[in-house]
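The structures considered in this document are given below.
In the two complexes that follow, subunit A is the common piece, with subunit B as its partner first and subunit C second.
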Partner chain A sequence: MEQILSAIIFIPFFTALLASLLRLSYSNLRTLSIVSSIIVFGLVLFLAIQYDPHGGMQFIRTVDWIKNYGISYHLGVDTLSLVLLLLVSLLMPLLYLYMWHEHRKGYWYNMLLLQSGITGAVLSLDLILFYLFWEMMLLPIFIMIGRYGNSNRQYNATKLLLMTMLGSMSMLFSILYLGYTHFEISGIWSYSIESLSLVIFSPFIAIWVASGFLLAFIIKIPLVGFHTWMAPAYGSSPTPAVVILSAIMAKLGVYGIWRFGFTFFEETLTRYTPHIITLALIGLIYYAIIAITQSSLRRMFAYASGSHLSLITLGLFFANIYSWGGSLYFIITHALASAGIFLMIGLIYKRAKTINIDSLGGIASQAPLFALFFTFFALSIAGVPGTGGFVAELLIIIGAFKYNILIGIATASTMLLAMLYTFWMLQRTLFGAVGVATQNFTDLSKKEIIMLLPLAILLLVTGIAPSLFIPFIEPWISITLESINQNIGGL
Partner chain B sequence: MFAIIDQLYIILPMTIVLIGAFTLMILSQYKIFKLQQFNLVAVLFLTIALAIVLMQFGQIQKGYLFADIIGEIFIVDDFALLFDIMSITGVILTLLINTDYFQSRSYFNGEYFALLLFSLFGMILLAHAHELVTAFIGLEIASLSIYALVGYHKNNHVSSEAMMKYLVLGSMTGAFFILGTALIYGAVGSTTLTDIAIYLNEPSTSEAELVIIGATLIMITILFKIGAVPFHAWVIDVYEGSPFPITMFMASTFKIAIFAIALRLYLLDFLSLYTKWHFVLQTITILTLVGGSWLAITQTSIKRMLAGSSIVHGGYMLIAITSIGTGSQIAVPAIMFYLIAYFLSAVGAFGILSYISASGIKQLTYEDFKGFSERRPYLAIFMSIFMLSLAGFPSTIGFLGKFYIFTAGVESEQFLLVGLGIITAFISIYYYFKVIAMMYFYPNNEDQKPIRRTFSSALIVLMAILIIWGGIGTSLIPFIPSADALIDIAKDAINSIG
Partner chain C sequence: MILLSFIVLIPFFSALLLGIIYLYDPSKPREKLYATIGVTAPAISATIALVIEAKLLVMDSSTVFHYTLFEWIHIGEFQIELAFMADRLTAVMLFFITIIGTLIHLYASGYMKGDSGYGKFFSYFNLFMGSMLLLVLADNPIIMFIGWELVGLSSYLLISFYHQEHANVTAGNKAFILNRIGDFGFIIGLAILFIFLEGHGYTFEAIEANMGLIDPSILPYIAFFLFVGAMGKSAQIPLFVWLPDAMAGPTPVSALIHAATMVTAGVYMVARFSFLYNETPHIGEFIAIIGASTALLGAIIASFQKDIKKILAYSTMSQLGYMFIAVGLGAYSSGIFHVFTHAFFKALLFMGAGAIIIALHHEQNIFKMGGLKEKLKWVYIPMLIATLAISGIPPFAGFFSKDAILITAFSSQQYTIWAMGTLTAFLTAYYMFRLFFVVFCAPSKKKHTLIPLAKSMIVPLIILAIGSATAGLLGIPEAFGGNNIFASFVALPDVPLHIAHSTEYLLSGLNILVALTGIALAYKLFARRVNEPNNSKIWRLVLTHKFYIDELYIFFILKPLLLLSKFLAYFIDGKIIDNSINLIIYIYRKAGIIFATLQNGKVRYYAFYILIGVSFISTSMLIILGDF
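Up next is the complex of A and B:
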């Protein structure tokens, strides 16, 4: 029980290590990967059942790592990390199903390492440990895009790497400064979140230190102005990598702001709030408009994903109970929906050898079941009532109106714009005349249905019965908000 | 005071190295021995020396050897012994990891190993020197051997050019050292470090100017040897012109020895001059970081890139050196840790290069690494590990090295330097990851090559494991020293100096 978090992190890693040492064939590697991902998913489910939503940080494990600097191997789980943990461990088996016929073994190794990196980043409560996993998860993505991607992949992978590393480096500086300040005040080195959250800076310095963290997370999300890596990287990633990028890694930027921003710099962030809200609002609308103009499905949904992540960020910075609930809920539903849509774009590419919207058409008449799923995922991205996206967007918009009525109106425009690009895209790809590319478009196979069904069912349930999930996430949000308001009020 | 027998025991490792050097010189007269046998003899002598030093480490109290005859010239303390361990290990690893390379080049012979051991002797002398002239002798013994080694491929004009360049510039800066020593002697009346320290700590010191000038001249020699900008002009050409084992030796092991004397001089004597040097040192650090990065970015050959980046790594250590003066407690252990970290990564990276070029290719460019991951999948993984460690990617020892250095900088509130260090670390991501990108992102046009199970490949694996272990090695697993323990050892060694 004590080791459950470590097991969740390291099972994929050791699977990869074992497989590479044994030089397994690709089919054995596939079996092993799938088994490991299912074991991890089982463990995470078990964890979720044991988890008490009112209990704060749980399953804490602390072991000294580098004693001289108070760095420890410090893990724990709360609602925020549990949500991301559930998502990543659910997606992995589905992605492995998608990769069923993938013969290149490096692909599997990278996916295994990626899972370890992401879960580690989500679970660590020590800043240096977090930094380690934060960088660790970048490497597999870099290799996957550069090696298995398409169209100018080397350049795009390097761009992603350099821009993300720029953020990481600035974060490292802030981490070092935080640690040192803690040492200066208390005489003890420590990098654990609890002890560092007690450090108080002068407002001027706090702005700089916070900016180091924010830069890393804003690039990862990415907000407008820091987004130049996004469309190229999404465009040339292989499908599993793009699913991870959009469904999980972009959310880790939000996670970072939530976890670190709102614990270390509650007060400083209020100074950043207007600027970030402006950036996110511009992003929300700008990305959506760009999405309308895209001709490639991948790039279109890349921008759509950017738009929705700006919305999540907005919800975060409105900092009231509705918007936070909406943001957390949107993290779940957007991950499910974007995973679904990017997987299906991958399937389209497998069948039609193109994802150019203009060359597609008439899929609905060739493959009705395919069209049904595709429409469903696209509509949940757009936030049509009945899908989980709707509930989340509604909550964030309510939060926005609570914050400011004009900003509320601007935020609400996202629903409109999303409808616009989704429906237009659906019309051009699914309906109309059957093109050359879609002539022999086959319907979903059983394996593909198994892969997509869990996502679809979850989206439906989250849309129809949000009351099943809200009690799970609500206590954490109200507790966290309350403590933040107390801290800001107390200063 | 030591009994005479104890004193002989203490200098035994040095003596063994020297005897080894002479033995190799005599043996190399006989043409019946193969190169591998010379290598074996050299490693044998060094291993015995290393074993003895390891036994001595931590067991011997601080003191001066033969003090009744030569005065306080030759010091024995844990600091010196730790540097002995590092240098001897360095030479052993350099010899073993290059076994393939030695065999592939016809110009290597027995004298080569003798010269390497002479150089090591000089380095050990340097670590134990407690007096400026002795330090100079040690430095010159080490350097002269290296001059010869750099030009060892005598039919190659690049190699000869490198040797001339290094010899002329190196001898000139050597003269700086002597001049500095003379000036200090003029003021202090003695050249032992203790006397200089006493002189500098006297409140009535009036002629400190001479000492400052002398110390600055000595500092220039040291900065030249570690390749700090603006004394770096030789680095890239010399590193490129030398045979791989020598490049590796200069970049890692020789640097360790230079830092041994630099730290001792600085900590014992010249720390009190810090306020005068503060600005100069900071400027040099900034120049080194920026200039080194610029040099490293612009190269197309991997060997030259590594040479350029070795300047940057010198710059990181200079950050810590400037932090010593502003009161950082951990700067000195940080430097020692960084030396080990850089040593492991550089030896690994150069080791792979020499391993590859053992099978023919003369100059390795980025282009040559295209498709490397398919040609030699295992070597590609290890090369990636070395590159990651050099770039300071977490979970490698290189990250912890940088972490300690930057923490030292932050502790002494040198935010400008640390910020610049982090920016150069970011730039270094570009040129190190370029190698990884070349290996993994491009298709392979050549046949897959079988891995040769030799000493060289085994040591490359060992280096990679050590790097990972140094990065994540924890006290979670009992009985195996962790990254933590290394820094503790360094701290204890530093305490022995003062």
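Up next is the complex of A and C:
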């Protein structure tokens, strides 16, 4: 039990290491990767069963690492990280299923390393450790796009790298400053979250230190103005990378604000709140309007994803129980739905050799099952009832109204805007006459159904019976909210 | 009452079952199986509904049945149960939704014969029924909203059923998007309502009980935003443009959307929130004005259409306008009564039209029909009854319900609305009989070889004809010696009316006269000869193109939105934001080039740097030392 978190983080890493040392053939590498991902998924499930939703941070493990500077190998899991952990470990086996015929070994190695990086970042409770994993997950994505991507891939990969590095550097600066301040005040070095959350700054300094963190996370999400890497990177990524980008990595930006912003800078964040809400509202509408006329499916859903991540961010900053519940719920359902949609875009590319919306059409006549799944995922993204997306959007909208009625009205416009791009896209992609590109379009194979079915079923269940999931996330939300309100009230 | 949940769940399950069977092997013809499952499900719902209605009929008027399936969500004070509720208003809605719905399913089993998407069609059809039943049985606004949206979704699926044609999918998109504009308003209303009632429960009953807690100045906003939802779903100005295009689906779909389900949802919702609308008379007046304008606009446009389904579509829009006049002026039971009678005759009209269309090899232009009286006798008689009913000729169904609405308008001293309603009644009689005479009576120009119609298509027509002839008798007002069984059954909180019986007789007489005039005009113009009107005159062109409203929307809303999208993508995103990032790179690169020229490997330059360095250091030392 003690080592379970470490096992979850490092099994993929050591699988990659082992495979490279043994110089495995691609089919053995595939078997090994799938086995490792399933073991990890099993461990995470076990962890989730053992986890107590009311218990705060659990399975904590602390080992001194660089003692002189108070840096430790410090892990732990709470509801927020468990949700992301479950998502990433569920998606990995499905992605490997997608990559079944992938002969390029680099694909497999990068995906293994990526999983370790993401789970590490999610589980770290030491800021230096977090920073290491944060950077570790960037490199595989960079390589995936730069080496295996398409259309202007190297330029786009570099753009992604530079912009995220800009954020990471500012975050590193803030981390170091936090640690140093702790040393100045108490005479000992520490980078663990608990001890750093006790450090109090003057408001002026706090704004600057907080901005270092925020910049990293806002670029990762990305909020409007910090997003120029987004559409090109999504457009050039190979499918597995784009799934991770949209379903997991973008959410890590939200995770970061939640984990670090609301523990170190509750007070300071209230100063940022109006600005970030404005930025996110603009993003919500701006991205959605751009998505309407995008011609590439990937770029369209990149903007759609940006719009919905702005919505999640909004929910975060409304900071009431409905909006937080909605945001956390949306993290789950948006990950499932966007994973589904990007996987299916990959399948379209495999079959039609294009993802240009105008060249497609008539898929519903050729492949009804494919059309059904595709429509379902798209509807979930648009937030139609019966899918989890609806529940999440509803909660965020209610939270927005609780925050302010006018802002609530602006937030509710997401329902409308998502419709416009989704349905026009569906019409041109699935319906109409069969075109040249789609004339040999085959329906889903058994393997593809197995890959998509878990996502679809989960979305359906999250939509029909949210009461199965809410009790799992609600205690953490109300406890966290309460402690924040106390801190702000107490100051 | 676990039975309540069966009414809703059975159509959903059969939709799922049909979908699975269909997808397992789409090409295999299994029409018998699909039809059996597809028709049985609503029939079971109808039977169960009858049991519940019978119970409500004999029990006290305040009886309400409840059943909670499970807790849907509970977070903070937001606690919503997937629960059903049946009071007398629900019972009326249930009655015609399930019975007429079942008849339409039966009809569709004949109509869709030979269609490759037979199984898919019935799956969607049952989904539609289930959603509508969820909407009317919901015991709280959130579950109602879910049904509300699912109705929109299934209408999208059904309207764009023949998805190989882009026009059909566009029609489906239009329906869903306009509905969602309405839903956008609806959710705003619901959210505000929730925020103000936070912690006091959120079922219809709890809302009614706690209405007093809401700031009275906020009530009109809630009432208005909720009505925006009704505008979308019930095709009122300005969100009505989807309804005529919804004809793109197969005819049974039109019958279901226009008669038994979907469009009636808006009226139902207002009646369900009657306790709220009674508090906000100004919003009620606004609703009545929108209703009257919609009624008149629909009637005017219908008078100039040639496509049989389009005529009926605009007539639906027009009749819905009547219903909103009633509920807007607080005559909820009259409004629901018109919903009720309208369901019979409108379903009948659409199914009759569908039968004609099938018999004539998918011809929809009425001026290419003609002389079908003898050949389609079993369509002719029911259609005559339905046409009389919608025109408001006693004792057929439409007379009593329409009469009640016009009397309400008059006695509430809304004379403009009353005049608009009466004018609409005239136009209704005119355009409906225009359709009737042209299709059945006028001599046909060409010989038709008719396709024989299936029994499953004729039987529902006859049943509905009986309904259309008699349903109105449930609502005979006091002035005519009846005691308005309907109004006393639904027991809605109507605003009381004060009107003398003599005025009532006068108004009713006037209504009959107006209808007869309309019929006479139609007879004179269309019964003997058929000349397809040519549309060369400008005013005719404007009217046949429904005042170019679609074009206006495209030009003023859709086009600018698409342009804005492109502008943001190419200019703001591509040029301004991207280039400002690129500018940093550019500056960095330029700086690199400048500094690189300094380090050029030539000795004399380096000597020069040394010179500068030495003089700089010595100067600064002099300054420092001098100070010292």
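To be clear about the criterion, the second predicted complex is superposed on the first by the 491 of 491 C-alpha atoms of A that agree within 3 Å, B and C clash if a C-alpha of one lies under 4 Å from a C-alpha of the other, contacts with A are read in each partner's own complex, and residues count from 1 in each chain.
Keep in mind that, in the parts below, contacts are C-beta pairs under 8 Å (C-beta built on N, C-alpha and C of every residue); 3 or more make two chains touch, one makes a residue touch a chain.
Note that the coordinates shown come from a computational prediction; the quantities given were computed from them, not determined experimentally.
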{"item": "Side-by-side fit of subunit B and subunit C on subunit A, or clash", "value": "fit"}
{"item": "Where the C-alpha centre of subunit A sits as vertex, the angle toward subunit B and subunit C in the overlay (nearest 10 degrees)", "value": "160"}
{"item": "Contacts of A:48 with subunit B and subunit C, given as first, second, both or neither", "value": "neither"}
{"item": "Touched partner set for A:34, first subunit B, second subunit C, both or neither", "value": "neither"}
{"item": "Partner chain(s) touched by A:282 [first = subunit B, second = subunit C, both, neither]", "value": "neither"}
{"item": "Broader residue contact with subunit A after superposition on the shared chain, subunit B or subunit C", "value": "C"}
{"item": "Which superposed partner A:157 touches (first subunit B, second subunit C, both, neither)", "value": "first"}
{"item": "Touched partner set for A:173, first subunit B, second subunit C, both or neither", "value": "first"}
{"item": "Which of subunit B and subunit C A:63 touches, first, second, both or neither", "value": "first"}
{"item": "Gap in Å between nearest CA atoms once subunit C and subunit B share a frame through chain A", "value": "5"}
{"item": "Residues of subunit A that lie at the interface with subunit B and also at the interface with subunit C", "value": "none"}
{"item": "Subunit B - residues contacting subunit A, complex", "value": "330, 373, 388, 393-395, 399-400, 403, 406-407, 410-411, 418-419, 422-423, 425-426, 429-430, 433-434, 436-437, 440-442, 474-476, 482-484, 487-488"}
{"item": "Footprint of subunit A on subunit C - complex, ascending", "value": "23, 26, 70-76, 78, 120, 142, 145-146, 149-150, 153, 156, 160, 163-166, 169-170, 173, 176-177, 180-181, 183-184, 187-188, 191-192, 194-195, 198, 561-562, 564-566, 568-569, 573, 577-578, 581"}
{"item": "Interface residues, subunit A side, partner subunit B - complex", "value": "63-69, 73, 106, 128, 131-132, 135-136, 139, 142-143, 146-147, 153-154, 157-158, 161-162, 165-166, 169-170, 172-173, 176-177, 179-180, 183"}
{"item": "List of subunit A residues in touch with subunit C within their complex", "value": "163, 225, 227-228, 231, 286, 289-294, 320-322, 325, 362, 364-365, 368-369, 372, 379, 384-386, 390-391, 394-395, 397-398, 400-402, 405, 408-409, 412-413, 415-416, 419-420, 423-424, 427, 430-433, 465-467, 470-471, 474, 477-478"}
